[in-house]
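Common to both upcoming complexes is subunit A, partnered first by subunit B, then by subunit C.
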Partner chain A sequence: MSSTKMILGLFDDPDEMMHGIDQLQKNSVPIYDVYTPMPIHGIEAKLGIKDSRLGYAAFCFGCLGGSVIFSIVYYTLVHDWPMNIGGKPNFPMPNFVPFTFEWTILWTAFGMVATFFFATHLFPGRAPRVMDLRATDDRFVIAIDAKGNVPHEDITRILQDAGAVEIKHNDRKYVSYE
Partner chain B sequence: MASHSESIIREPLITGKNITYAQITNDVLFPVENKPNKAWWIGFTLASLGAMLWVFAISWTFWFGIGEWGLNKTVGWAWDITGFVWWVGIGHAGTLISAVLLLFRQNWRNSINRSAEAMTIFAVICAATYIFGHMGRPWLAYWTLPLPNQYGSLWVDWNSALMMDVFAISTYFSVSLVFWYTGLLPDIASIRDRATGLRRRIYSIFSFGWTGSVKTWQRFETVSLILAGISTPLVLSVHTIVSFDFATSLEPGWHTTIFPPYFVAGAIFSGFAMVQTLLLIARKVLGLENYITMFHIESMNKIIILTGSIVGVAYLTEFFIAWYSQSEYEQYAFINRSTGPYWWAYWSMMTCNVITPQLMWFKKIRTSIPASWVLSIIVNIGMWFERFVIIVTSLHRDFLPSSWVMFYPTWVDVSIFIGSIGVFFTMFLLFLRVLPSVAMAEVKLLLKSSSEQAKKKLIEHGHLDKEQVEFYKESLTKYDSVELADYDKA
Partner chain C sequence: MKTEYSFNERFEFAGKAKTWSLIAIAIGIIGLIIGFLDKSEGGMQRTFNDLLLGGYYFVCVCICGVFFMAYQYAAQSGWSVSFLRIPQAFAKVLPIAAVVFIIIVTAGLFTKHEIVEEGKKVMAPYLYAHWATPGLTDPKSENYDAIIAGKSAFLNIPFFYGVVVILLALYALFGRMLVKYSENEDELGGMLNYNKSFKAALIFLVVFGFTYPVFAFDAIMSVEAHWFSTMFGWYNLAALHVAGLAVITLTVLLLHQSGYLGWVNENHIHDLAKSMFAFSIFWTYVWFAQFFLIWYANLPEESVYFYHRWQPEYKWWFWLNIVLNFVSPLLLLMSRDSKRYYARVKFTCVVLIIGHWLDYYLMIMPGTMPERNSYIPFGIQDVLIFVGFAGLFTFLMLQALSKFKSLIPSKHPFVQESLHHHI
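Showing the complex of A and B:
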C-alpha cells in the first residue's frame, strides 16, 4: 500500500482546471477540495456545493441590531426619562431613524462576517491548512483523497490529460505544518 | 466564466505583455517583500515629521485646553470641525469604490479598491482625532455613549444630530474596517505562503488560516456582495448625518435642506481627488502602471467632474434659495460669504471646486498625469475651503452685531491640521510596506478577460469587426503603459 495521502493536480489556467474537474467526475473520482488564488465562478455548481445561507444570517443580525437600538432609544428617551423640549412630543420617531439605520448596518456587517469566520473556521492564529503553497499565488489545485481512490496512476493520467502542469503525490495532507 | 472574452471596444484594465498570475503576485508584493526605495524613505521621513508635529500640537491642546486654539465666543467651531468634515469627506471614496462600484459591476474598481479603502480608514481616523480633540476634555468622550451615569441616568440626547454623528462615524469606521480586512485575507495568505520564518508566522496569524478552498471563496463572495449592499446606503448616510450637524441648527447659511445631497456629492468629489493625488504617485513609485492604468485615471477624473458639477449646482442653488426665501438674514449670510471679509475664502472655494475641475472636460487634460495630479490637489484645497466657508463665515457674524468677530488660527490650529496630514501619510506609507496595495485576487480575475494581452490575442485571431478594432486601437493611444508599435502589424 502506498503512503500517498493526497493527489494534487496543479493547473496554471482556471479553464483547464474546470476541464480537469469534469474529467475526474466523468471517471467517478471524488474530489476532496479545490484551492484557487481567486474565486472561480461555476466551480461550486460542479462540486455540488449549496448556495451560501449567510444572507439569512445577515438579515437576522440586521433585524436584531435595529431592534436593539430602537429599544434602547425608546427606553431612555420615552420611558425612563422623558424630556419636555419646547412642548415637542417625547416620542419623536423620525429622530430614531438614523440610530436604527446605523445599528442595522453595524450588526448586519459584524454578525455576518463573524458567522462567515465561524462557519469557515477562520480566526487569528489558526494554523493554515495549505496543501500547496502556490495555491494562493498562481496555481489552481484540485485535491483528491488518495485513500481508497485507486489506482493512483489512473488519476494521475486523467489530470495529465486535462492539462495539469504538475501532479503531486503527497504523503502529508498539509504542507504548511512545520 | 473565466474564459468569457469581453467586447473589444472596452478598454483594457491590465496592460503589459506576458502578464501571468505569478507576475501579478510578484509585481504587487514587490514593495512588501523588498526593502523600501529612496522615494519611500523621503516620503516617510516627511510624513513622520508631520505626525510628530501633530503629536506635539495635540498634546499641547490637551495640556493647556482648547483655549490655545483661535476659537472665540462667536466662532466656536473653526479649523477643528473644518478638518473633521474634510477628512470624513476624503474617507468617502474608498467605500464608494469598493461598494457602489461593485454593485454596478465596474471592474476597474478591482485594482484601486484596496488602497482607496485603506485611505478611507486612515482618513476616518484623522477625522476622529478632531472630534476627540475638540471635546476639550477628551477623557470624558465616553459621555457620548448611552451609559447610565451617576447623576440619576440622565441619558444622552437622542434628538441631537451630534449623537447621530457618533453612531454614523463609528459604524462607518468599523464596517469599512471589516470590509477592508475581509478582502485582505486572501492576499495576506499569498504573502504568508511566500514568506519564511518569522514573517510567515506573523502573516499566518493575520491570514486567519485562509486556504482558498471552494467553500471559503463561495462564502467570501456572498459576504463581499452583502457588505457592498449595506455599505452603499451607509456611505450615503454618513455624510448626510454629518450635514445634519449643520442643517438641523437655526444658523443662517446652515439651516438648509439641500445639505445632505450636497455634502455627499462633495465628499465623493474630495475623496476621489485624494485617491487621485495618492495613486498617481503610488503607481509610479511602486511600478504599478500596468494595473492602475490611464483608464482608471480617466474614470476617476470623470467622477470628479460629475461630483464637482453637482457641488457647483448646489452652491448656486443655495444662493438662489437665499434670494427666493426672501429671508433677509439668509440673504445676508450669503452676500457676506461672497463679498464680506472672507470673500477670498469663498472665491477660493468657487475657483477650486467649480471652475478648475471643468477643465477635465478636455480629454487632453483628464488623460494627462501631471494635470490630473495638480487638479486633484486643487480640489483638495477647494474642499477644505468649502467647509471653512460654511462654518466660519456663517458663525463669525451671528445674531448680535456687537459680537461680530473674525477668526484667526493660532499656531496650534495650523500645526494640528498640517500634522494630521502627516499622520495620514505615515499610516498610508506603512500600509504600502506591509500589505498588498492592490487586491491581487481581484485583479487576477480580470487577467483572462479584460487585459491588453487577451484583447491583443483576439485581434490577432481576427474575426472581429474592423471598425471596432480601430476604435479600440484609438482608445489605447491615451495609455502611458501600452506600446502602440505592437499594434501596427496586428
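Showing the complex of A and C:
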C-alpha cells in the first residue's frame, strides 16, 4: 500500500495546465483542486465549481448589522429617553437612514471577511495550508487525491504527457510555512 | 466561442426603426400643437416646461455618450470597445441636441405672458420667470426682488447664454474630437490616435467635472431661482449618468437582438447593468443627501422646495420617483444572473428611462405651474412631447450610427480584449 496522499502536477504554463485538466477529465480522473498564482478565466466552469455563496453571507450580515443599530437607536432615542432635537418628531425616519446604512455596510464588510477566513481556514497568525509553495509564485498546480485513484503511474503519465514540469507524490496533504 | 466576426458590417437605418422613430416625432409634433392650443390655465406653461424637460433630457443623454467614452479612455478599459460606437453616435448627435436646447430656452425666455404675482400684473417669460422677468433687479420697479437682485451677477440673460452656449459647444467639441480620433484610428491603425484620445479624455473629464454643475444650475435649478442647493449639480450629474447608461444599454441590446453587434455577449451586458445598478445607488445617495440636509436644517428658503413637492398632488409622484429610480434597480438587478438576463436588463432600462423623466419632471414642474391648476399634475402633452423627443433622439442617433464605416472600432488596441471579455 502506497503512502502517497496527494499527487501534484506542476506546470509552468497556464495553457498547458488547462490542457492537463482536459486530459485528466478525459480519463475520468477526479481533480481535487487546482492552485494557480493568478486568477484564470474560465477555470471554474471547467472544474465545475459551484457559484460562491459568499453573497448570501454578506446579505445576512448586512441585515443583521442594520437591525442591530436600528434597535439600539430606537430603544435609546425613541423608547427609553425621547429627546426634542430641533423640534423634529421623536421617531424621525430620515435621521435613521445614515447610521442604518453605515452599519449595514460595516457589518457586511466585516462579516464577509470573517466568513472568508472561516471558509478558507485562514486567520491572522495561522500558517496557511498549502500543498506546494511555488503555487504562490510561478507554478500552476493540479492536485489529485491519491486515495482510490489508482494506478498512480497512469496519472503520472497523463500529467507528464500534458507537459507537467514536475510531478510530486506527497505523503502529507499540506506543507506549511514553518 | 466564436471569435471571427465581420467588422465591415455597417448599420443600415431603415425599416421598422425608421418608421417608428418618424411616427414618434409626428406624435411629438401633435403634442406640441395640442400644447400650444391648450387654453386652460397653465396649459401653455406646461408645454414650455415639457419642451425644457425634453430638451434637457436629450442634451443630457448625448453628453453622457461623451462622458462614457471619456472615462473608458481615461481608465484605459478594454471591455467597452465592442459597443463604443453607440456612445460615439450619441456624441455625434450632441451638436444638434444643443441647438434644439438653445432654441427652446430662447423661445421660453422671449415669449412673455401676463401673470398676476402677489397682486401685481407682470409680463413674465414662460421659462425662467423667477429671474428673467423684467424689473426684478431694478430697485425702482414695483417688481423689485432683493434676493434675485443679489443673484443677478449669475442670473442674467447674457451670462446664462454664455454658460449654456460655451459649455455645450465645449462638450460637443470634445465628443467630436474623440469620435474623429477613433475614425482616424480605423484608417491608420497604430497607437497615435489612441494616445490622443487618452489625453483628450483626461482634459474633458476635468473640464466636465467642474463645469457640469454650473450648466445644471443655469438650465434647471434657476427655474426656481429663490431656492438653491449646492448638491444640485452632482444630483443632476448622477441622473444624467444613470439615464445615459440606461439608453446606451437599451440601444446595445436592441441592436444586438436585431442582428447587429454579434460580438456583444452577456458579459458586456453584465458590466453595463452593473454600472446602471451602481449609479442608481449613487443617484439615491445624492438625492437623499440633498433631501436630508434640507429636511434636517429646515431653513425656510431651502425647505420651500420640498414643501412644493409635498403638496398632495405631487406627493405620490415624489415617492414614486424613489421607487422607480432606487427600489426597482435595487431589486431587479441585485443578483448576478439578473444582470445577464437580457429581458430583465431591458425592462430595467425602460423603468430607469421613465424614472428619470419623472425625476426631471419633479425638478421643473412643481415650482412653475400655477398653484390652482395643479390638482391635475399631468397633461396629455407631457407624454406626447416626451415621445416626440425620444423619436427625435432615436432618429438622429441611428442616422449618425449608420454613417460609421464599421460598428466596431476595429483597430482600437483593446478590441481583442473586449471580444474575449469574460467575468
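Just so it is clear, the second predicted complex is superposed on the first by the 167 of 178 C-alpha atoms of A that agree within 3 Å, B and C clash if a C-alpha of one lies under 4 Å from a C-alpha of the other, contacts with A are read in each partner's own complex, and residues count from 1 in each chain.
Definition applied: contacts are C-beta pairs under 8 Å (C-beta built on N, C-alpha and C of every residue); 3 or more make two chains touch, one makes a residue touch a chain.
Treat the numbers as computed from the prediction; the structure is a model and nothing was measured.
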Clash or fit (per the criteria above) of subunit B with subunit C on subunit A: clash
Touched partner set for A:58, first subunit B, second subunit C, both or neither: first
Which superposed partner A:98 touches (first subunit B, second subunit C, both, neither): both
Contacts of A:42 with subunit B and subunit C, given as first, second, both or neither: both
Most subunit A residues touched (candidates subunit B, subunit C): B
First (subunit B), second (subunit C), both or neither touched by A:26: neither
Touched partner set for A:112, first subunit B, second subunit C, both or neither: first
Touching partner for A:121 - first (subunit B), second (subunit C), both, neither: first
Part of subunit C, among the options 111-119, 183-191 or 309-317, whose backbone runs into subunit B after overlay: 183-191
Contact residues common to both interfaces of subunit A (with subunit B and with subunit C): 41-42, 55, 95, 98
Parts of subunit A lying in touch with subunit C, wherever the complex brings them together: 41-42, 51, 55, 86-88, 94-95, 97-98
Subunit C - residues contacting subunit A, complex: 288, 291-292, 295-296, 298, 335-336, 422
Subunit B partner contacts - residues on subunit A that touch it in the complex: 12, 14-15, 18, 33-44, 47, 49, 52, 54-55, 58, 62, 72-73, 76-77, 80-81, 83, 85, 92, 95-96, 98-99, 101-103, 105-106, 108-110, 112-113, 116-117, 119-131, 133-138, 176
Interfacial residue positions of subunit B with respect to subunit A in the complex: 1-3, 20-22, 25, 146, 153-159, 163-164, 167-168, 171, 174-175, 178-179, 182, 185-186, 189-190, 192-194, 204-223, 226-227, 230-231, 233-234, 237, 241, 244, 440-442, 444-445, 448
